[in-house]
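Data first, discussion second: the structure below is written as structure tokens.
Note that the chains take the letters A, B, C and D in the order they are written out, and that residue 1 is the start of every chain.
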């Protein structure tokens, strides 16, 4: 089955939905999930095909790559597509005044997201990105509450401005090179090494960074996450933010590798880590803590991306994967404890399982071995010490200090949960929503199989831009490497 | 079944699983005791295999690194103490204490098993990555153990956690740095790589790893977390934590300073301006770690806090001894690990028993318990003599070795510092036993009984170990030598009773025998000579002409060393405390600032600023 | 002089001007409708920039007509892109305005600062309740 | 080391006895000295012994429980062990089994025993006395330890018989007092405090019945304390002689040396008032410690 169906099917379904709804009102309820489920199956099959025969390029509409629109069905794109479909299906919002409308939004989101994951063309990336963005604005306002509307509008303004800047960046790239195809651009890195190219990169980082929750383009994050349904927050923090990163990953891996503009991304990432964790330390309600923590995590991913190289990309991917599984589960578990953190005292005793899992997931975010978050941080530090020539100490110091702050606020919460509170709830229910349980199970599977997943991620990174990375395999730390071989790096 | 490291780890993790499932069962304590005993047996059986390293079949492959474990002599020595401490703590909790005395016996048994398993994993590491994994597991297992009793313990554990995470991350940074620079993480490979590195790099690594490991050991100036965290834990948990947990920091420091860097290289590392070398620096830090916490202990009003502060101080002797570098000093330092574990466990267990019966460990609210809890008293007496380092208990032997090594190596000032620590210890342990067991019995305590066997059993058994290894230090030195040779030092020449050196001997067999004989003679003179004494009631006492009644609080316990504390009170420096508070306040301010940043009304302004700055930066 | 005032430079200058005007509105204005309009102006500027990037002096329109292919053509790709971008821009603007209308119905204000206060107030605090009440009154009238 | 059982047994029995007898004479000397200075006649020769016998034979012997009695046994046992480990002419078999460090720590055992016994009496006055005594110990042991460290550095050994041998080999010039006069001075001052003599005698408080460690000590309990005093005088003087005065070549010189050593504090004690506890600590940590530290540096510079 062709991967382009992944895009076409949900979009088509989204347009058909309003019409189909006229025939029978109940269509609005089952139509969306069913289509996404079908899409998931298709995505899984396509993913498996890539596993068997390797990445392939698809020219849409019969035009060859430079002129026409290219889709790339590679490991990264299809893995992201599978995860996106899965996440949308699991985190389908419930608290909505109009189910059909949300179905439409989610179908658009799914189709556009799949397209974004597989695009190999800058303009295509932009278009799908915008579609995802529009769907996200709608999603943020989906519960119809006043605060959610405000948050969504503020998000929209920021997002639209960002998109304009990204488009400006794309215009710069095009003016400089005359093409927008990523593969072709990959061969023109010297044309993009000048100020125009670097400026374009900065503009695109800013533009796409809005969705990727990069500092300081992320002041929408706490307000949106605080006022939407927890499932929507989970969806946005879990997967949609990753789509923004995905765009940057493709850009950096295939076009802008080694560009000086990455330094901007690096410091944006570091500042995101520092301010995000600090703000989470200062936050007073659970939702905001999780939202700020998300900012911090995405900052880490940005740092890893900026460092590049195989280690950096794998670090980014494992951090993303970790966050993708952990944060939705945290949002869902924390649903039981809305409002102020002060009200948490003793609540964990009423829901022991939820509280214990909350702590476990938080541990992975902090980066405690042998949980996956640890490997992400380890590889990140590895990439810093390997790639950064000056100021590595400062960088590591800032990131680790932020991690201490992260541990501080998570365990302030944990201490409150298990501490003494006046009224422990009467029921001893486990307090673990079923969907959260699925995420937790996936997380545990990842923890147990980190080694295998790591091998696969390596393949994903190699699939990104075959020519360069496959030749430069030595970037990956090899325990058996000679002592002096790396001695002079730092 | 052939004992192997796999079996040991299987037992440890099996115990953890078993406790998770059956920790609520009244027999759980007994069950875990059996499993700890089995682990001890496996360790003893492993002893001959240690020379080549007892490897585990357990192996993982993650991101190109292979994780595997192997126990060597040093780890084995610490493992023996760990399993032993766990055994006695579990014994204490197995009976009445576990069933009635604690909020959740399940939590205790599970966390104890988790701690032991994590420590064994740490001690069996053979490369820095497994070391770090074990390290973090130990930190978090320790945290879990501390929070189980809730209340003020949670706050203390929180502080521990912040320190522990910070230390762990320092270690992590060093590990990654070494991996990137050296290209390998195996202990042997790193040790082989170390001599070639630059001085600046060495300082950086020593600082990172030293801070990381030092925090766990509550090494000065990172000592402020430990006392509260251990003191607030429930009795047997405090005993286990106090006995061995922070020694994991020592284990790390030994690997860093002795195995990786080497004492000779430490001598060459000169501090700028002052001209001191790194070894002397470490030794003086150890000496300060002995003195300052000991004198902080002196002014504590809670028995458990007093003990916990001493625990910090005693750690200094261990590192000090090893850093002397002579066979006697290294053996003394390592022996002190063992000795300290035995008596510190007794002391915390006794205080656990006292709390179990009276509900308080406050030194102003106890007294005279000797008549009600004589066995606990005896156990504590043995243990405080050990802690104070007086003959005939084992604490004396290891301290003697450290003192002697310092004098032999020509370091008399450090020797004096170490002795001052001991003198302070004597003062404060006497305050402890005086306020708890001696003096006037309170009315409300008149009806309490001695704790049941399940609780006094481990106390008495351990205090007998304190005495026997003091009488025959050779027994414990047999274990120490395994670690000492594994660290690369020559074995010490010793016999069952002590040492014969060119510059002075110690024969504890003779010393203790003479002491016992002297007491026999003393008993003869005192009991047989003169008239028979008559026992009087405690209120039948000199009161300057007043009548004593039960209402009169006639026990001198509050502000015990008033004169001394009036004098040295102003010397207690609060610099580090203030620093700690300052960092917390700074974090709060920055946090509020960051939070405010994200609440800005004009969202796009930051974006615009970032874009402009970004473009300006790169163009 | 002539070169400076060439049509290409005029286009670029105009695009930059539009962007600056839009940015000013976005950054300095409190009223949300103005901010949204600012975004629209920026988008227009960026689109102009894109079109300018594909401009060749004296070239023909890129219409695929066999008779017309004699001289150079204007690059067609940017124009295709701009078409798409305009559509997206309109959609986003429409969505934004819809949201603005609903917010105004509920709270009776579109002042950024006031709305920020609402969205950042802790749940159930007096401030958010007061705003709700006032907004409700406005809706009825 | 050969185990000459007979010799060891004799040593074990003879040394404490000798120490006791010498100690009794020292007590007598002290009391006579004081009497002379105060222009009194002073007690008769047998008075110290009679005091002890009288206390032991009192009809009312008040005991405050087992610990009260056990502590006296520990106290006497520790004292006896101490005497055995002191090197005196002709009897140093046991002294080879321990060293200066062992002896210093053995000296703390009787203190601890007494402290336990006094606290077992449940009298706050006694406890206050013990708190003061331990504080004083902390005070005088600091300079004392420094002098021991200095001696160990100078002689290169901590073995007491070795130290004596080295001094006697070199004759008068080899004496510790000559080689390290500052340390000898500091040790003399801390010895004054160690013996609980003015101006450092607040913790003993012999003049006030109602305060100090002796409050609840009566009858043979007090008698045992008197025995302990004899031992203490002997021990301290022998230790000082060993470290600084070349030990005893034979019993004659040995006895002369130790009596001279004891006579110094016994004389000084009569011309001083009393320091408060804090003042004891402050003074001892200031002057003798400073002197001792200077002395130690001098030794280390060699």
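The rule is short, and it goes like this: a contact is a pair of C-beta atoms (placed from the backbone, for glycine too) under 8 Å apart; a residue touches a chain by one contact, two chains touch by 3 or more.
What you are looking at is a predicted structure, and each value in this text was computed from that prediction instead of being measured.
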item	value
Chain at the geometric heart of the assembly (C-alpha centres)	B
Geometric centre distance via CA averages, chain C-chain A, whole Å	26
Centroid spacing, where centroids are CA-atom means, of chain A and chain D in whole angstrom	78
Euclidean distance of C-alpha centroids - chain B vs chain D, Å	35
Cα-centroid distance, chain B relative to chain C, in whole angstrom	66
Numbers and ranges of chain C residues touching at least 2 other chains	26, 35, 116, 120
Touching two or more other chains - residues of chain B	599-600, 604
Chain contact topology (line, ring, star, complete or other)	other
Complex contact set, residues of chain D against chain B	1, 12, 16, 55-65, 67, 69, 72-81, 84-85, 94, 96-102, 105-106, 108-109, 112, 115-116, 119-125, 127-128, 130-132, 134-135, 137-138, 141-142, 145-146, 149-150, 152-153, 156-159, 162, 210, 215-216, 219-221, 223-224, 227, 276-278, 281-282, 296, 300
Residue numbers on chain B that touch chain A, as the complex places them	60-66, 132-133, 136-137, 140, 143, 147, 150-151, 154-155, 157-158, 161-162, 165-166, 169-170, 172-173, 176-177, 179-186, 192-193, 196, 204, 587-588, 590-595, 597-600, 603-604, 606-607, 609-611, 614-615, 617-619
Touching residues on chain C, where the partner in the complex is chain B	23, 26-28, 30, 35, 112-113, 116, 120
Residue ranges of chain B in contact with chain D within the complex	367-368, 370-371, 377, 381, 385, 388-391, 396, 400, 403-404, 407, 410, 412-413, 415-416, 419-420, 423-424, 426-427, 430-431, 433-434, 438-441, 500, 502-507, 510-511, 514-523, 525-527, 529-536, 538, 540-542, 544, 554-556, 560-564, 566-568
Sites on chain A touched by chain B in the complex	154, 157-158, 161-162, 165, 195, 198-199, 202-203, 205-206, 210, 215-222, 260-261, 263-264, 267-268, 274-276, 278-279, 281-283, 292, 295, 314, 363, 366, 368-370, 374-375, 377-379, 381-382, 385-386, 393, 396, 400, 403-405, 407-408, 411-412, 415, 418-420, 450-451, 454, 476-483, 485-487, 489-490
